[in-house]
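One structure, as C-alpha cells, below. Some questions next.
Chain nomenclature is as follows: A, B, C, D and E, assigned in order of appearance, with residue numbering initiated at 1 for each chain independently.
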C-alpha cells in the first residue's frame, strides 16, 4: 500500500498532512510553488497567544517532512482524473500519478492598497501586519523610526462589502493584540491604539492575551473602524474614526499605522481547482462538502481540502484540519 | 457685522491633545481600570442610572477623551451603592475608582 | 507621499466617455454666481477645440438642489431628470454632460436606482408621459463638464499661455483641489480617479504646471449642506466646515483652490470673507484670502483669457495676487466695468480681508 | 398627538426606495459618524439613525421624526463612500425627512419647521423661473455673506450679466435665459403628477396654521423660522 | 536599715512621675477642650449623674484593673493583664496606706514640706526608708509576686504566643519594645532591691520607672491612664467626630495594641492584610500617619468584629467613619433627580417590603418573599418593584453624611406616603441604616428573618420541617450590629436541621463581600470568603443559609454547597 498522495501546497497544512500520511504508510508528494516549505507561517516571528516562536513549530514540521518527496519552485499546471486516479502535470514537465489529491493551498494576504482610504502605498507610514511581523523578525523597516504613537486597524479587507469580503478573517484580532504588545515591548514609551469593531478572542488563552494587552501593556483599544487616513505636513498620519462606545467622532495623529490585512483565498490555484470541478463558496474560498463531518471533502471524489484554502484559520486549526484530512485520505484509499 | 450665525465648535475628540492626568493618576492605584470591555453591565444595573444618564463605562471613556468635567458632573449622580462593582465581569473595583476620581 | 500609489489608483479609475457630441445642461448656481465659467467652457470646447456641445433652450433646472433640500419627492426629481433626457433624445444626442455636480449626482443616482429597480423607471416613464407627453431615452454616456476639461487638459495645455507657475520664483503654484461631494462619493467608479484620490482636477493641475497640495481635510465637504445654507440659522454649520478645511490647508500655504462644483467656490470664497469679518483671520498672505476658482476659470486663465471676461471680479477674495504670481496682465480699471466700459461703481472694502 | 400615518410610520418609511437602497444591516463600526461633517458640528450621529431605522420601532421612529436630529445632515453623502455594509445613511435621512414632512411631525422641531423656508424659496424658484437658485430672488439682506461683492453684483445685475455673456431673461439658449412657458408648465405638471404639489401645499398650510397660532403674518413667521436658532441646543459638546 | 530620708536614686522616679503626671494633666485638659461645647457639657454632667457614675466605677475596676473582658475571651491573657494591672494598683494603694503606719527610721523623720515630698516616693521605695508592719509587708510581697507571675506569662506570650492561645500579635517598634522591657524588669528589680538592699538594684529599679514613665506617653502604655478617661467619656454617650480630636483622641490612646482584633479581623486570613486591622489603624492614626490610617480606614470591611472583641470597647469602626468623612471629596453630589422618583406601591397596605439595591441583584429573594407573604395572607406592597433608590448606607459608609441624608429623606417620604404599618427589609445593609438613621415613627422596621419568624410563631405561616441540614451565617449588619441571632435560627429549626458553624453569632466571619471596604481586591475578598465558607462548612451542612443578599452573592461564588437566603429556604418549605 504505497499509494501516492499529491499534496498541493507546502505550508502548515500541506506539511502536517504529509507527515501524517507518511506515518500511515502512504506516499505523500508535496508540490510547492515557492522556493521553500513553510508557507506564510515561516515568515512569522512569534505566535499568539503566548508569543511562542514560530520558528520552533516550523522547524519541527520541516524536520518531520524531511523524507517526504517534495517539489519546490513547482506548480501543477494540469490535472486529469481517470479510473486509476489523478495524473498531474507539473511545471517542470514531470508527471505525478496519485490516488488522491489534497489541496492545501492556503491564503493570500489582502492587498491593503485596495482599501484606498487607508492610503497604503500612498502614505509612507502605513504598513501591513505582515510587514510589521517581518520587522519583528528582522528588526528592520524604514517606516518604523522610534515611533511615539502607533495604531492598528482591524478588519482591513474583512467584513467589508466594499472590497467584496464580507467574512471575518478570524485571526487578525488576536494577531493585532499580539503585535500591539510586541511593539510596546520594542518601544516602551510608545502609545499603542487598536481600532476594532469586535474583539473576537475565540481561542484558549486569547482572552487572557486581551486582558494582558489592556493591563500589562496599556494598549488602548478603541471601538470604531478607522474611516480615513491622511498625511500631515510632517508626514505623520491623521486618522478619523468614531469612538462608537463614546458616540463621538475622534481624530488623532499617529506615527505608524498598521493594517490588519485579512486572508483571502490563494487564487493561484484557481485554474487547477476549476479543472477539478471544485467551486468557491460565497466568501470566495474553496467549497468543501459541509462544515461538519465533510469538512475535508469536496464535490470531487478523491480531492480533499485542508487549511486556509477553505476559510481563514489559525495555525492550530490548520494543523488539526491537516491531521483530519490525512485520516480522510487514508479511509478513502482503504475504502 | 452680524451675519446671524457663527462658527460652531468641533465635537471631535482630539486625541492628540487630551489631558490624561486624572486617568493616569487613577491607573496608578487601580490598574484594573484599563481592563474595561465596555460590556455595559455597570450601566445596566446602576441604581442612579435608572433615573439619570449615569453610566460608569461612559464615565471612564469621558476621562480618556478629555471630558473630565462631564465625568465629574456624572459622578454627582452616583449613590455609591456598589451594584456595579458586583456585576463587573472584569472584577474592576468601580466604587473605589469613583471615590478616587473625586479626591 | 508615494505618488506611484496614487497613479495606480488613477489608472484603475478611468471612465470611458467620448470626447465630442454632447447634450449640455447648465447649473443654476453657476449661471447665477459664475456665469463666466459656463461661457468659457462652451467657448473652449466649441471654439478653441472645435467640439459639438449643444444647449437646448427648453432644458430647466434638474431640481437637484430642491431634492437635496428635501422639498420635492424623489419621484419629482427623477421625472424632471427624465424630461431632460427626453429633450436630449428629441435633440438627437446620446451623450449627456451637465455643468453641475449636484445634477451629476442626481443623474447618476437616478440611473443607478432605475438599474436596480426597473419598476421605478417604468413608473417615472409613466409620470413623464402623464405630465409632459414625452418619452425619454437614457443617455449612453453621462459626464460632468469637468470630466471633459480633464479629457481635454493636454489639448488646453498645448494652447497654454500662463502655466500654473510663479513667474517670480519659477516654482509651480501650490494648488488645492476640491471635488464636489456628489461627483464620486456616492458612486466612486463614476469619477476620474475614484472617490478617495479623484484625478479629475489633479490631472488638470499637473497638466498645467501646478503642484497639488494633499492636506488632511482634502476630502472634507465645503459645508454647503443645502438646507444648512439656505436657512440663515443653519449657516454656522456651513461656515464651520469651510473653516475646518482652511485651518487644515493653511500650513501648506496654497496659492489657489480649484473646484469642480458650483457651490464650493462660492462657499470657499464667501466663508473666507465671513471668517475674516468674524475672527479677523485670513488664510492668504498679507491679509488676502486664497482664491477659490472653478476649473473653467483656471483653464481660461492659463489659456490667456482676460480675467474680467472670466468673471473673476465676482469673487469676494481678491484675485490680483494670483494674477501677479502667474504673470497675467490685467487692467485694474476694467475690473468693475460693464459692457463698453460702463462704470458700475465698486463694492466697498471689507474690514479684515483685502478685496483689491 | 395626532399626525398622519400614525401607527404606520415604519411601514410607510420602508416603502421609500431610498430605504431599500440605503438601509441594509449596520454593524456599528462608526465610519459614517467619523467622516460626517454634521456629526462634528451638530448633536448628530448617523450610525444611531441607521440603528433606529433598522429597529423598526414605531415609537422610536416617531420620536426621531419629530426631533431636530434628522435635519442636521448636509446630504454630502460622504458616509455612502465608506460604509462597509453598503448602507447609505444620507439616503436614509432623506427618506426620514420626507416622511417627517408628510406625517406632519416635522412641525414639532425647530429644524423641521425650517422646511417651510426652503420649500417656499426653492419650489417657487423652480415653478416661476425654472431654476432652483435665481439671482433676482437671491436677496443680499438675507444673505449678508454674499459680501460687498455680492451686493455690488445684485446692484448691477443686468449690466454685469450682460458683461459676462449671460442671456439674462432672454429667449433662446444661454445662461439665465428665460425658461419658455411651455417648459415651466411641464414642470408644474410634473409637480402635480409626482406629489410635489401636494407636499408643497401641505407645508405652506402647516406654516400658515402655525403662523396664525403664533399670531404672526406669514412673512413674519417666515423670518422667524429663517433666523430662529437655539444654537447651544444643537451643538455636540 | 538606712538612716536618711533621701537618697539620690529616688530622683529618676520623681522626675518620671512628675513628667507623666504633668503630661496626663495637660492631655486631659486638651481632650476636654477639644470636645464640642455640647459634648463637653454632656461629659461634665455625666460625672455627677449617679447612674453613670456607678457605671463608671464599675467599669473602671472591671475593665482597667480586672480586665473582665479579656478574662472572658482568654483566661490566661485575663490573668496576665489583671495580675499586672491590679497587682500594681494594689502595691501603690497599700504603699500609700502604709504611709500612715510606717515607722520612720530613727531620727530621720521628715517634717512639713519635706514630709510631703517624702510621701511622694516613700511608698515606692519604702523598704529603703522605713520599717513596715508584717501584715503590710506580706501583702506587698504577695502582690509583687503576683505581678511577676503575670509578667512571666507575658514573656512566654512574647516568645511563643500560641501557648497562650494567640495566633497573631501586634508587631511593635523599638520604643514599644523598650518600654515593655522596662515594665518587665521594674518588679524583679524591686524584689531584688528590697530583699538584698543592693544599691545598684535600687538605682536600676528607679531608672526603670523613669524609663517607663517618660516613654509612656509615646507608647501604647498610654492606654493605662487614658482608658479611665475613655470609660468616663463613653459612659457620657459621646460620639466620634473628628478622627484625631476629643473623644476619638481618647479612644486612640486607650487602645493598648493588645492585638486581639488582629486574629478577629477577617482580613487577617492574608498575612499581608493583618497590617490593615484595627490595632494598626489605631496606632497609625495615633502617630499621625494619616495616609496609612486613611488607607486602612478605607480597606476595612466594617464588619464590627474588632469592636465586639475589643477588651477596651473601642469603637474603631466609628473612628474609621470619622476618618473617611474627613477625607476631602471634591464632588458635590447632585441627587436632585430623586425628586422625581416614584414608589411602585400604590395602595395603602399594612406591610411594605423594600428590596433595596442588593436584593435587586438577587431576584430569587424577592420572589421568595412574595411567596411567603402571599402564603401568610399578608396585605403587602413592594416599595421598589421597578428599582428604587439606595437606602443611603453605602453613602454613609463612605463618610458622606449629608449626601446619605438626601436618600434617607426621599425614602422616608415614599414610605410615609404609603401608609404602611410595617416595613420589611431583606437586606441587613438597609436594615442597619433604617434602624439607625431613619425617623419612621409609628412604622415597625423588621428584617425579614424577624418578620418570617413572627409569621411562623403567630401561625400565619405554615411550614414543613424538612430534613436538610442547614448552617446559618450571621450577616455582620444583622448579627453584631443588632444582635439578631435567635430569630433566623428559630426559623431554620422550623424548616430543617440547624448545624453549627465553627464561629457563630458575634464571632461569625464576614463573607468578604462587604460594601464597607473600598480597597480590597477581588482576590483578597475571595480569600476572606474561602475562610468564611470553610468556617461554615465545619459541620458539613447540606446548605449554607444567610439572610443578606450580598452574603448570598458572595458565598455563591465560592461555596461547595448550595447557598440560599433564609426566605428562599422557607419558601421551599411552605405548606401548600
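By our rule, contacts are C-beta pairs under 8 Å (C-beta built on N, C-alpha and C of every residue); 3 or more make two chains touch, one makes a residue touch a chain.
Here the structure is a predicted model, which means the values were calculated and not measured.
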What is the touch distance from chain B to chain D, in steps? 1
Chains in simultaneous contact with chain C and chain E: B
Once you count every C-beta pair in contact for both, which comes out on top, B-E or A-D? B-E
What chain sits nearest the middle when you go by CA atom centres? B
Cα-centroid distance, chain A relative to chain D, in whole angstrom: 49
Just how far, in Å, is the C-alpha centre of chain C from the one of chain A? 46
What's the distance between the Cα centroids of chain C and chain D, rounded to whole Å? 22
Chain A to chain B: how many Å between their CA centres? 38
For chain A, give me the residues that contact two or more of the other chains. 117, 223, 228, 240, 243, 248-250
In chain C, what residues contact two or more other chains? 195-196, 219, 232-237, 239-240, 244, 274
Complete list of chain pairs which touch one another: A-B, A-C, A-D, B-C, B-D, B-E, C-D
Under the definition above, what is the set of chain B residues touching chain C in their complex? 1, 3-8, 10
Using the touch rule from the top, collect the residues of chain C that touch chain A in their complex. 1-2, 4-6, 8-9, 194-197, 214-219, 251-252
Touching chain A in the complex, chain B uses residues 11-16, 31-32, 34-35, 37-38, 57-58, 61-62, 64-65, 90
Residue set of chain E touching chain B in the complex reads 298, 327-335, 337-338, 340-341, 357-358, 360-361, 386-390, 392, 394-395, 397-398, 400, 407, 513, 515, 518-522, 550, 553
Show me the residue ranges of chain C that touch chain D in the complex, using the header's touch definition. 26, 28-32, 35-36, 38-39, 55-61, 63-66, 68-76, 79-80, 83, 105, 113, 116-117, 120, 127-128, 130-132, 134, 181-182, 185-186, 188, 195-196, 219-221, 223-228, 230-241, 244, 270-271, 273-274, 311, 313-316, 336-339, 342, 344-350, 355
